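Working notes for the structure below.
Read from first to last, the chains carry the letters A, B, C and D; within each, the first residue is number 1.
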Amino acid sequence: MATEYRVPHEKELETIDVNVNVGPQHPATHGVFRMILTVDGEQVVDLYPVIGYMHRGAEKLSENCDYRQAIGYQDRTEYLGQFNAEFCYVQAVEKLAGIQPPERAEYIRVILTELNRIASHQMFVGAFGTDIGLFGTSFMYSFRDREVIQDLFEAVTGERMMYAYFRPGGVAWDVPEDFRERCREVVAVVRRGIDDIDGLMTENDVIIARCRGLSPVTPEDAINWGLTGPMLRATGLKHDLRRAEPYSIYDRFEFDIPTGTQGDVYDRYLVRVGEMRQSLRIAEQALEQMPEGPIMAEGLKRTLRVPEGEVYVRNETPRGEYGIYLVSKGGDKPYRLKIRSPAFCSLSALKAMSVGTYVADTIINLGSFDIVLGEVDR
Amino acid sequence: MPEKKLIEVREIRDDPREAISDVVPEDIRHEIKKLKPAEVWPSQGQAPYRQLLPGIFQVPADWLIAWGRKSSLWPLTFGLACCAIEMISSFMARHDLDRFGIVPWASPRQADVMIVSGTVTKKMAPAVKLLYEQMPYPKWVISMGACATNGGPYTRYDRVLQGVDKVIPVDVYVPGCPPRPEALMDAFLALQKKIMEERGKIGR
Amino acid sequence: MAQEPSQETTATGPALGPLAGLFQEALSGVQMTAEQTAIDVAITVRREDLLQVMKTAKEDERLAFDFLRCLSGVDHLDELEVVYHLYSYKLGHSAAVKVRCPPDDPHLPTVSHLWQTANWHEREAAELFGFIFDGHPDLRPLLTEEGLGYYILRKTHPLAEIEEWQEDYLKAAEEKGGE
Amino acid sequence: MIADNPWVDGLARMGIIAVAIPLAVIVLTYVERKVLGRLQMRLGPMRVGPYGTLQSVADTIKLLTKEDLRPQTADRWTFELAPFVVVMPVFLAFVTLPFTADLFVRNLELGLFFIVAVSGVSIVGFVMAGWGSDNKYALLGGARAAAQLISYEIPLVMAVLAVAMFGQSLNLVELVEGQGRVPFVVWQPLAFLIFLVAGLAELYRQPFDIPVAESEVVGGPLVEYSGIRWSMFQMAEVANMVLISVLASLLFLGGWNWPLGEEVGAGLQVVLIFVKTSMFILVFMWLRGTLPRLRIDQMMAFCWQVLLPFAFLQIIINGWVLVYGWPDWVLGVLSGMAALAAGYLTYRMAWRAAEPVLPRLHRVGSVP
């Protein structure tokens, strides 16, 4: 509500705005993001975001690596949805080199990617709860299930975080023998965990009072600002790259696209919780359909050489549209690798979405973006 | 003249865009002055309390104070990069660093340990140094992961600092990319050992 | 449900998708070359025409590209290139627009007034490749410090040398202390 | 009576209080970490001493030997005196707080009034800390603390006043003795709820930890404090929690009385007050583990729009009952109905679809 403008009286107490620096070290900035708030009392009148505290050149370094070596940088760029990023990258290489991965590899990839999406959203739920003032309880609950997922990943790939498991043409090695059973267990555990989170946060009156109606976004604005993924779906636009431009084998699964209504913070939260359940559905279906067979395309050389060309591959990662623009001029190294990071684009809309709210609202607004600084700064 | 006053208000307000030009803004870059005289704290290999206590109490006091310090190491909540996720993991229910009395604090003034969890870029380095300087003595630093130790996979990029030890002194290095929570726990145990061994001398 | 988009072909047999024709129709007076990449159609235009092409791409009914997906700079050594990846939520198609400029005169018109998301993308490309986007509201560096003086992602800029190991530092310090 | 001489007696009792409060704080800090750990499916402190029992002792030793920093730009005396201004009122309030029928330092005739008056002083300490630190977070936190603590003082006092009206005294021992078998919470549930909520806000704990919100203002007024001064703030917080809990059990739960008999032995009195106080403390810890934080305008609106009118309503009901000499159960029923209404109103406020917060750029003093 715009208050009416009036000229201050001569004797009226004069106020000035104060600049408050938030970050790069601040518990609510999820890493090394920094923003300078200009506050009028408790109200934010201007916001200046500063990024780049973790700009460590994943693009430049990938250009100096072998095609397979560059997978590691994808993990470290998107360090919450590692499999999602790897998936996008290996697809780009496969598209350029004309490799068709075998069926079983595709299924393994889809299962792991969807579970990774859940793990990433668990992290969001935990951090969001802490932003909003829960004393770590949401973090504890979501990490309980996240650890279960990570255990499965560790059994499959041998690492807790930086998997480097997807390779151009398939996956590095086959999954363990009891993969199906373990996956089913994980799915069951996580499903119960999501119910717990529902009980703790979704119907919490304080969270509803804080988040509902906070900085709503229209679909037109969202598209203009470049919001993708859950941020876009919260505005009510039913757009998921897994449906709109099905890649890999996503056209074989049945799943819903959770959407919000007015694009506020609460809708973004709800969309993410809904997505966790849908990912579980996809993983279950993929588990049932997963065939036996080879896990690596045949006839691949030890050094992967990719013919000249370029491709822009986009995937739906937990934060939205993750794109890899890969230019090859022949040879064994990518000529140019550009990462289109969803959080980078969402963050550019932070100012427009936060000005006019309270300081506390700005914090949870930023939390609802679910930024990963590694991906923002690359 | 109300109009004139309005413009004045505008001028007083420092434009945030101007504050960006430097890496660390003026408003977090105030000098830190210690309450004690400067020569007391960095004493010659002796903790300051030893100069006050009579000789017979010194050994038990050393032990007691070192025990207190090692048993309540409060790290600074300070996630830099990927390793921050593993750092958070180790504070969570499965690994639970609170068992050792390790709870994270957000303000550097109340922290004892700084976990440098991730790549330090040249843009971030002044902030890391400032945070280290804001922490009160005695303070320790754990360099977590390959990136913080020497730049790790990113070491050949231009804007990456090749190891946080170029900026601040480091007590414990944890290898790994990222280190598992168990490795971080081990680092804390090593730090506790170090504190016990250094007892009576801390007060750098 | 939906099958793969019809314009998608493998890299081996590049058949031009229907979008190239749409671009030709909508921009009859503009000189452009179309090629088929592994997924999208890529249209290369001259930089004088870029603004007109982008405006048409956004506002034309047949194209209706309401979303700028990505903006990437590429250093081809002899030329710099900017690639705009566009997507239409309305019609569900995507395309790439490319524009080239010489490295010693990297001026390009900005598109940040058409898509707000281009604002940060252009800032990033400007600081890492040295483009100058004319008409951009605020072209200061985003990711790196100001006043760096060189453009990191250009091919001519080398990787950093690995500094001496800490061991060497320690040894040197010991020697100094010993002397 | 510990000693015959009233001065020696008083000093001895004060000594006991001065030792007991820090000890209680140390124990409670450990208990809180354990309880929160259990709420969060983990163990809490385990390694320092058996089952981590020495954890807070170690924390205390560390904090006492830690460097005491003062920012160069800080306002020296304001910064250094603020912790004392926060701690002293709590100790003063304990002077007149009776734990059992004869375990207190001094039983003042205006004891309740004294506690309310003295505990209001600690607000000044927070404002001093916020102002003196020369830190924007501290300034924001100090302003928030001033707004919150002063606002919630009023419903708290009103709830206490309602009890004093009904108990016809300001002497805490007399108030407790007057409750007998049936505690005041039965007759005045509304006042009890208001006291609990306002007390929670006075403690600035979740969901009212707005002044010290860690994810927003990083500890607020406490952000620049380190070592011993910071631990004084912590001690004040925990001691305040004990104070509010003891006060709640004295005023509303009948203190050392219980419904099973009039004559209660001294040992049982201690057990009763301990159990009742622990119950409140555990509830506060439980709330801390499960509730998120309110926004400042919501918190203020809740105080001025819900708590305060209902506190006045309780006083008006009390007035009717006392003036017209209605039986006690009328008071209980009326107050209970009002409590239900207050609960419903709060629920409605939370669930009401909030209006979209639109950018408000035109402000007084800004260039249009």
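Just so we're on the same page, a residue touches a chain if its C-beta (ideal position, glycine included) is under 8 Å from a C-beta of that chain, and two chains touch if they have at least 3 such contacts.
A quick note: this is a predicted structure, and the numbers were derived from the prediction, not measured.
Chain pairs A-D and B-C differ in how many C-beta pairs are in contact, and the one with more is A-D. When chain centres are set by their Cα atoms, the one at the greatest distance from chain C is D.
In whole angstrom, the spacing between the mean C-alpha positions of chain B and chain C is 39. Chain A and chain B have CA centres that are 29 Å apart. The centroid of the Cα atoms in chain C and the matching centroid in chain D are 59 Å apart.
Among the residues of chain A, those in touch with two or more other chains are 8, 14, 19, 21, 26-27, 52, 55, 57, 60-61, 64, 140, 144. Multi-chain contact residues of chain C, defined as those touching 2 or more other chains: 144, 152, 159.
In chain D, the residues touching two or more other chains are 40-42, 136, 214-215, 218, 365-366. Those chain pairs judged to touch are A-B, A-C, A-D, B-C, B-D. Within the complex formed with chain D, the residues of chain B that make contact are 6-7, 9-10, 27, 30-36, 41, 49, 64-65, 67-69, 71-72, 92-93, 96, 98-101, 103, 106-107, 109-110, 112, 136-138.
Contact residues on chain D toward chain A in their complex (touch as defined above): 36, 39-42, 136-137, 139-140, 143-144, 206-207, 209-210, 213-218, 288-298, 347, 349-351, 353-366, 368.
Across the interface of their complex, chain A is touched by residues 2-3, 5-6, 9, 12-14, 16-17, 19-20, 25, 27-28, 76-82, 84-86, 88-89, 92-94, 106, 108, 118-119, 121, 123-124, 127, 131, 147, 153-154, 156-160, 177-178, 180 of chain B.
The touching residues of chain A, when paired with chain D in their complex, are 1-6, 8, 14-15, 18-21, 26-28, 39-43, 45, 129-137, 140-141, 144, 200, 204-210, 212-216, 262, 264, 355-361, 363. The residues of chain A lying in touch with chain B in their complex are 7-8, 10, 14, 16-17, 19, 21, 24-27, 30-32, 36, 38, 46, 48, 50, 52-58, 60-61, 64, 72-73, 76, 79-80, 123, 139-140, 143-144, 146-147, 150, 160-162, 373-374.
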